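Should a chain be cited, it is by its letter among A, B and C, assigned in written order, with residues numbered from 1 in that chain.
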Amino acid sequence: MTTHDEQPVLKVEHLYKSFDERPVLVDVSLALHKGENLVILGRSGMGKSVLIKCIIGLIEPDEGTIYILGKNTTHLDHKALNEVRQKIGFSFQGSALYDSMTVRENLTFSLKRNLNIHDPQQLDAMVRDALRDVGLEHAIDQMPSELSGGMRKRIGIARCLILKPEIMLYDEPTAGLDPVTSSEINQLILEVKQKYHTSSIIITHDITCAKTTADRIIYMQDGRVYLEGTFEALDRKDDPQLETFFNYFKIQHQ
Amino acid sequence: MRVAHVYQFILRIFKETFSSPFETEETLNQCYLQGNRTLLLIGFTSFLAGIVFTRQSRPSLIEFGAESWLPSLVSIAIVRGLGPLITALICSGKLGSSMGAELSSMKVTEQIDAMEASGTNPFKYLVVTRVIATTVMVPVLVIYADAVALMGSYVAVHYYSQTTFKLFFTQAFQALSFLDIFSSIIKPVFFGFAIGVVSTYAGYNAPRATVGVGKSANRSVVISMVCVFIIDFLAVQIFGSLRP
Amino acid sequence: MKREEVRRNTRLGIFVITGILLFLFAIFYVGSEQSLFNANFPLRANFVDVNGLQKGNNVWLSGVKVGTVREVNIIDNSMVQIEMRIDQKLRQFIKEDALASISSEGFVGNTIVVIEPGSSPQAVADNAIIRTGQQTSTQDMMNALQTTAENITNITHELRQIMQEAGKEGTLGSLLTDTTLGPEIKLTIDNIQTTGRRSAVLTSDVIQMLTQLKNNESGVVNTLLTDTSFSRTYEETLANIKTAGEQAAAASAELTALVEKIDNQKNAMGVVLNDTAFANNIQKTADQLSEGVAKFNENMEAAQHNFLLRRYFKKKKRQEEKENN
């Protein structure tokens, strides 16, 4: 298990956010430690996505502070915020590949702009490395529209990895995928952690995914952190809400 | 569209246009795409418009016994009004809808968020490049539209009265002043800018739903066209007051 | 991929550069039309009335465009100074005693400055102020025609009155005693005769011209606007009309004076009635005059229906109505 004595790489304190008077996040606090896979579990519409979008700065929280790698990011200007963002990889639910570009261009897009690398050979090598890590080297010159959902997801992850992030945020990595592909993605998440030494937050409602990838789980409900602990610890808890989730998992694995 | 929001949007475009890093490659790419998308259509429509306008003006001029004024009349009409207007309307339709739809679908599928999250500036890459491209390309396209419309008009004039090209050309240009030529290039700069700003605004600020795509494409076209007419109206006032 | 990009950017470059070249070409062409880029020299002329001349109007020498008007300034109460830019190469053809006048390009064209070259051996200097003359304008022609027509109508009317009175009254003997009056009347009648004939010729000229103008399928307006020889004929016709008009006006004035005299001294009538040849003469003149007037009316009618002059007549009519009210 992870060592907890270090400074957490990411810390969220008392985060509030509401849309049109409807509270989505209510006093959320959490910490992500180095080298840890933190799964945030919960039903749809419980503010999980809003939470990680607040972390990356796509949504501005109403209240609360977020520390990323020791820096308070809630009041950073655009430029400083972008510097922080370059250390975070964000895998979107719908992969969000740039439609108009080939896979190669998708991957080099941020490389060229953030790291200012323009040497074609160096770019090519980096793209191939990243694609090899997700097992899709052959798709290098394909357009995103030619790829399947699982492949797009992998490319989306590769696009983050190529920037060598310290923190990975996965938004519903297995949503809309068949079980086989899902478990492949779960394995990929673990491999990424191994190879790139990233700390990750994984947002999911998929209990299998949580079980496979999690070092620690936070169960969110109604915009609050409801329960926290390892998979086993939560499994032992006697909570009707949690029960439903875990039963579903058990049915699958009988 | 809220005025303050639009104002900030435009302000941001200016700010980011002149601050590094510059998206030169993508700007050129957008210029190429926009020119490529519209050139043929603009050429075709302005050629026809040249013919139609000439044919329709001819009877009235004949009634006044001034058929020889046809080239001058047509060249003034084309350079001052028709060429820029046709170009701007085609661009609003073709470029406006594609920009609105493209940006809003990128918004819906979180591609804009993905750019933002990866630490690059999507505004610069998506909005600024497109606005620069329309602002640059619409005037260039207008020059072509004018040239092609004059060709069309020559074809029509020649069909009736066997005027030589040289005479047509001399008469057409005799009627034009510097102001006409300059107005035909300055006006489209504003047309292009308006089309770019309206369409990218509609796309970039689209609601996050699939209906948003259609809506913002539609909005881009309609509002761009209205803007084009408003600018044209203002330009007539301004250039009219400059004329002796 | 890279090569594709280069190819596209090249195409884009060619596209934009061609556009810019077209634009520059248009600028250059319009500029050269306004003689901005050619070597040119300034020339000035003072006019009392420039008839709506504007900056940018053309300057013609012997019917060829040689430059443009650059400035039109009112320099004092009754003087307008214009500055022209003339093609440097053509300086040798414009002499010191060149004559500038305001005219128009054909019937309905722009106002222009026409320079007549002059005959002095010395070419003009920069900024020289050249002599000016007044050229006949359409307006002048119409005024002259109008006056002539009115006068002729008056004459015929009064002549008819004389004839009638001569037939009725018998105080002819007294006229015989007045010998000085006879030749005077004769001279006047001769004058009238000449004028009558002239206006008949003139009228047919104008009718012919207007008919040609109306049947413009043959491109007469075109010719009128572009053909310099025709426009010269046209100028001459205008001048003719003017002379004729002036003469007729003079003659009719004389006649009016005479008729007044006759009214005062009714005895003068005897001369008229005694001399049958002379009476015939008057009769003939009157006939000619009325024929002339009829043709003239016809001519005016035609003119009124011609679009070119329609506005003039409308304006005239409005003015009259205004005066009547």
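In the analysis below, contacts are C-beta pairs under 8 Å (C-beta built on N, C-alpha and C of every residue); 3 or more make two chains touch, one makes a residue touch a chain.
Since the model is a prediction, treat every value here as computed from it, not as a measurement.
Chemist: Centre-to-centre on C-alpha atoms, which chain is most distant from subunit C?
Modeler: A
Chemist: Of all the chains shown, whose C-alpha centre falls nearest the centre of every protein C-alpha atom combined?
Modeler: Minimum centroid-to-centroid distance belongs to B.
Chemist: As a quick test, compute the distance in whole Å between the mean CA positions of subunit A and subunit C.
Modeler: 91
Chemist: Distance from the CA centroid of subunit B to that of subunit C, rounded to the nearest Å?
Modeler: Those two chain centres are 48 Å apart.
Chemist: I'd like the Å distance between the centres of subunit A and subunit B, where a centre is the mean of that chain's Cα atoms.
Modeler: Inter-chain centre distance comes to 43 Å.
Chemist: Can you tell me which positions in subunit C touch subunit B when the two form their complex?
Modeler: My answer: residues 5, 8-9, 11-12, 15-16, 19-20, 22-23, 26-27, 29-31, 33-34, 54-56, 108, 213-214, 216, 219-222, 225-226, 307-308.
Chemist: Under the stated contact criterion, what part of subunit B meets subunit C in this complex?
Modeler: For this pair, the touching residues of subunit B are 25, 28-29, 31-32, 35, 39, 62-68, 136, 140-141, 143-144, 147, 173-174, 176-178, 180-181, 185, 244.
Chemist: In their complex, what parts of subunit B are in touch with subunit A?
Modeler: Where subunit B meets subunit A, its residues are 21, 102, 105-106, 109-111, 113-121, 125.
Chemist: Can you list the residues on subunit A that touch subunit B in the complex?
Modeler: 53, 56-58, 78, 82-83, 85-86, 88, 90, 92-94, 96-100, 109-110, 113-114, 156, 159-160, 163
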